[in-house]
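Notes to accompany the following structure.
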Amino acid sequence: MNSTRPAPPPPVALVNPANRNEGAPRGGDEQVLRLEDVSIFYGDYQAVRGVDMTIGRHQITALIGPSGCGKSTVLRSLNRMNDLIPGARVAGRVTFHGEDLYARDVDPIEVRRRIGMVFQKPNPFPKSIYDNIAYGPRVTGMKVSNMDELVEKALRRAALWDEVKDKLKQSALALSGGQQQRLCIARTIAVSPEVILMDEPCSALDPIATSKIEDLMFELSRDYTIVIVTHNMQQAARVSHRTAFFTAEVDEQGERHGRLIEYDTTNKIFTNPAQKRTEEYITGRFG
Amino acid sequence: SDNNDGGTGTGVAAELSGDVKVDGSSTVGPLSKAAAELFADEQAKVNVTVGISGTGGGFKKFCNGETDISDASRPIKDTEKAECEKNGVKFVELIVANDALSVVVSKDNSFADCLTVPQLKAIWEPGSKVNNWNQVDPKFPNEPLKLFGAGTDSGTFDYWTAAINGKEKAHRTDYTPTEDDNVTVQGVSGSKGGLGYFGFTYYEENADKLKLVKVDGGGGCVEPSVATAQDGSYKPLSRPLFIYVSDKGIAKEQVKGFVDFYIASIDEVVKEAKYVPLTAAQKETLKSEFATLTKG
Amino acid sequence: MTPGAPVPAASVRRGRRRPGERIIEGFLVLAAVVSIATTIGIVVSLLFPTVEFFGEVSIVEFITSSQWTPLFSIKQYGVLPLLVGTLWVTLIATVIAVPLGIGAAIYLSEYARPGTRRLLKPILEVLAGIPTVVYGFFALTFLNPILIDLWPSGDKPEFQNLLVAGIAMGIMIVPTVASLAEDAMSAVPHSLREGAYALASTKMQVATRVVVPGALSGIVAAIVLGVSRALGETMIVTIAAGLKTAGIPWSPIDGAATMTSYIAGAAQGDLPVDSLDYLTIFAVGTTLFLFTFALNALSIRLVRKFREVYE
Amino acid sequence: MSTTSTPPAPHAANPRHRPSLSQRRSRPGEVLFKLALQFCLLVAFAFLVALIAFAVIKGWNRLDPRLWQEMPTGAASRVARAGVQSAITGTLWVIGLTAAICLPIGIASAIYLEEYADNTRWYNRLLELNIQNLAGVPSIVFGILGLGLIARVIGLGFTVITAAIVLSLLVLPVVIIASREALRAVPRSIRQASYALGATRWQTTWRQVLPAAVPGMSTGAILALSRALGEAAPLILLGAVTFIRFNPDSLLSSYTTLPIQIYNLIKEPQAEFQELAAAAIVLLLVILLVLNSAAILIRNKFQKRW
Amino acid sequence: MNSTRPAPPPPVALVNPANRNEGAPRGGDEQVLRLEDVSIFYGDYQAVRGVDMTIGRHQITALIGPSGCGKSTVLRSLNRMNDLIPGARVAGRVTFHGEDLYARDVDPIEVRRRIGMVFQKPNPFPKSIYDNIAYGPRVTGMKVSNMDELVEKALRRAALWDEVKDKLKQSALALSGGQQQRLCIARTIAVSPEVILMDEPCSALDPIATSKIEDLMFELSRDYTIVIVTHNMQQAARVSHRTAFFTAEVDEQGERHGRLIEYDTTNKIFTNPAQKRTEEYITGRFG
């Protein structure tokens, strides 16, 4: 036999985080969201166990980790989207400006108005572009003196205005994927949230559309607090100020639970992670 | 499948089998059904089916050779005879019971006790504009008429139109036509202005819900009853009821057995179906008529 | 032969014929052709007598005369009374079934927990599976007395009437409408609901502004299909609305025949084959067939359109 | 401070003027809407309950073995010892035959459409469209087909076999559509795996796809047959409305069925007949309920095995 | 504003292909499959355009490239699985030991017996483990003197025997994902194919199961010719002898077509690719 026997797989070099978000961002010191010993259950299954982290104002916080480690689950707990899943339950405290998001008298509708969300696959409503933007202000009963102006502003902020200004009455479904995703961001902006959660917003997009969204995120971080889940480590390295690395651990009963392994500035995570598992993940040796 | 493996001839003892197809009048249907039920006690292997296609429908099938026996609440018409002849169907006509077409109103109707034939005609003739009892007779109160009559495909319809309106099928159209006695009974009993007509048996069975109206056929008001039907004094609405038996049918053992039984037990059959029984004379004719067919 | 030792290259050219495969395929095609043959059979069995009918009765009379009295001494062949009877029943059924059906569908798709839905949907299906004779009996002997009792005043509904038949039929088609509408709503991608919730919508807003508009053509298809079922339903009207065919029924509290109940009623009675009377069954049958065909085509088209939106 | 409906512009967001979340807004419209929806379902179920209760109460006196041990009667005086046996056996004959005719044809059609047909071909699309359309043709029209073509032209007459053929054609679209769904629910990956191992189309269909689709198909088949079981309209045109007090014994027997017998009984004015009708309805509903539950059980038991 | 402006995203270092398959594998010089100017259509859409490549005996050939570039399409064309997709059509020549696979009188059933396939998601039949293995020999009408023995051998070769030998009659669906995938490989082996095609066989598996399959592939390459599609570049680098890099190009009409950009030894592709696009892909700068 003349096939050679395997050598161990090659390590992938560390990402060099020439991060554009280097340096302390404005307002990053003020805490907007805070998770204290948060565990999240689907029925009896504990999908995420004991997460502690704080999310700073006007920062971009990235959540990374292998598939199934609970990134989306954590993200959705931040604006009570988990309420919509029968059997989903959050233990521990999630606070928003110090208020417990899961207190009895908290109105989840109001929470979601203040903490918007953008999804993995662009999900514009099958309505006109205009109506997509106007939807949020209408349902939340915002007093809007001039809806046209609001729509224009939102589209401008999402860097979409020039591309769509002549076809506002056309169906949003006719837009390209990248445009649709920016429309979804514009739609979120239109209700003036404080925080925007994004769950792999670029994973369905091509590289050019992705880079547009990344630029947009960076722009938006001046005024909004952004939390982004991403599979793409380079993206986390490129856009975020802080990065949280999650992974799934198997407990004594053989059940897998998502855990927060390390949370630090993006620079630190990508250049000098404190945890071995973080390093292994970053370098592509597992996941 | 008309196998007649059984019966080699006389008597009740021989076991028969095969089908007997009866169809036709809904008025006569109960008689044939009763006969079939009673017959089944003796000849369990003979399958008697009784269809309710109305007298006209029954004759159509009968003259096509599709049935053995046709129930009829009126005599066969010349056109129908011709059809039978064309198809080579010979038959005998047997009168099996008497009927008195009964005019009924609601129990709440206290004013109409007797109606004359002209009054009935005014109500039921084609294009009639009589829609209120006070148009029938000014003494009657202001009460809208609700009319229930025979379905267009029945012998009753033919008989009624001929007897009252003077022409077969000549009938006003804006009434509730039905083959379905329940509709007439419930419909008439349920509304004060209700008026309907059907076979005497149906009245008898529902005498607690309906009021019978006397009919004045020119000789004064007569109430339909067994007696007035038998002696024909209930004019013009007393009528005989028929069955027609084809020669091809009678050639089958099981059909002959059934008709034999029908005739032999005619009193019981009529009683079971609650019809007006035959007079002694009618019974004699029945037997002799049938005898001619079976011989010839 | 053992695994692990691949055979040396032999040709992949056709060594084996497989005649069995062909025969089976032929049989399957034959089975599929039965449904085509059925359609052809329906068209043929309707067409020839109908053509014969219109050889004797003018189409103009058929669609304009307001009397349907083919079996009386004065014969008139206007299908309008049957048509109006049919439309009354269908209209009443629709007015009842659409709100109830769509309301139930929204509840099942947006509000009910999965367990509740699993419980309720089969019960709805049971409702859809009840034979129509039973609905007819129920309408005539249970609903109608109640209806007459509750009737405010004036002309009370007749013993058989279009209204009660329409109500019973409405109940009968609720499950059809509900189940198809629910399918359409469930097919609206979950991501749209999430998008709406994330924009601070309430449940009702999600249901009425996102799900219902999103499923609209599917919902309309459900309604059209329900209407088509009402149009073609026979036993309820035969039992509960009666067979009165003369004159246009202007009021739904009158009894009147529909196209279907005329056919059923006439076919029970004496309709001498080859007579014009017998042909009326086919002429009315053709009319009915054309109506339901148009509605079905519309509903199929709507469903397809709906599917296109979300692929 | 209360929750204002105009949210602050993000730029102006001053942490100190941030409204609290803890002001659960009451939304009466939401509650009303939900109540209205529940009402819709409630009405539907109320009718179901009323219908069943009415039939049971009205038929109570007649819910005994007479129902299936005795034959129908034409005379009110005999109704106390009458039943609907010939209708039950007639139904069994007709439905048994219907199953024997429509299930093989329906399932074979579904297999053709799902496993064999190239859906880009116009004739296959036409076939599909035709089946969808056929599903919406009123049952009475099938009765006309049976009357005009099968009973008269072909000459099978008003017999058990005519009824079974007509009911088969009537429910054929239901069987095909349900079977297709069951076939479609079998993952493509199973077929691919089979083909990749060198199986032929029929081997793949027969050994992999069909066994996996059987639960779904039987659900569809049961539902289709229960539809046929309750059908009366087409049989009115096919001579079932006949007084028959014997059980069918061949394909060419005369027959009557339970729904038709119920229809006949409804037409009689006497209370005894109405009671018997109600009792027969209960019997019919019980049969259908059993069939439906079986279908649902099968569906729930075998759903989602992958 | 104190956020820093973006610097261009950091390049990811080249994979160091310390490939265990270094060196010429046995039999690699003999051509088993050969594609000559192959284009593949779905209806009117040309999904793959003008591919030329040869696949050597007892080699592992990896097809890599971004999503939608036609890797699966090409793979399926090698054993005529495309026949099953209505409207799919292959132009050009695909030869197997010099015979045109698409000649009129070629029996696709026989082709598939000789060229087996393993899929992305494990797809065992809902039957017992035993029956899963025995299915292929049964349907192809192989003359098998001892089926038990054949089943055992196939399972042994797929390194699954020890794990399942006591539960051969149990449903294959009760196995774990990795076991199921090995079962699918065993099932393929059981009909003694010459070539095994694998379409992302590990993408649904966890790292441990993945490494087992990779070991198995390596083992199998002694006796079988293997073609594998993978998304995971490290995997391609680890297991394959030769790598083909595909990508999608947009033509004048704006339509996207999959093209073969570069095909060479894995070592060459991962250390010193000839094409710029290959390098960009390998280094994670696009895709």
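Every chain is named by a letter (A, B, C, D and E) in the order it is written, and numbering of its residues begins at 1.
To be clear about the criterion, a contact is a pair of C-beta atoms (placed from the backbone, for glycine too) under 8 Å apart; a residue touches a chain by one contact, two chains touch by 3 or more.
Model, not experiment: these values are computed from the prediction.
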- request: Spell out the chains that contact subunit C while also contacting subunit D.
  value: A, B, E
Task: Would you kindly say which chain has the C-alpha centre located farthest from the C-alpha centre of subunit A?
output: B
Field: subunit A and subunit C: spacing of chain centres that average the CA atoms, whole Å
entry: 48
Query: Quick one: subunit C and subunit E, Cα centre-to-centre, how many Å?
result: 51
Statement: Between subunit B and subunit C, the Cα-mean centres are separated in Å by 39
Message: Distance between subunit B and subunit E based on Cα centroids, please, to the nearest Å.
response: 85
Query: Which subunit B residues touch at least two other chains?
result: 52, 179, 183, 186
Task: Hunt down the residues of subunit A that sit against at least two other chains at once, touch-wise.
output: 109-110, 113, 140, 191
Statement: Among all residues of subunit D, those touching at least two other chains are 200, 241, 266
- line: Counting only contacts in the complex, subunit B reaches subunit D at residues 1, 19, 21, 23, 29-30, 32-34, 36-37, 40, 47-52, 179-186, 202, 205-206, 272-274
Message: So in the complex, the part of subunit C that touches subunit E is made up of which residues?
response: 1-7, 9, 11-16, 18
Residues of subunit D defined as touching subunit A within the complex: 3, 5-11, 13, 15, 18, 20-25
Message: Touching residues of subunit C toward subunit D in the complex: what are they?
response: 18, 20-21, 24-25, 27-32, 34-36, 38-39, 41-42, 44-46, 49, 99-104, 106-108, 111, 118, 120, 122-127, 129-138, 140-142, 171, 174-175, 178, 202-204, 207-208, 225, 228-229, 231-235, 238-239, 260, 263-264, 267-268, 273, 281-282, 285, 288-289, 292-293, 295-297, 299-300
Field: subunit E residues within the subunit D interface of the complex
entry: 43, 79, 81, 84, 86-87, 109-110, 112-113, 116-119, 121, 123-126, 135-136, 139-140, 173, 184, 187-188, 191
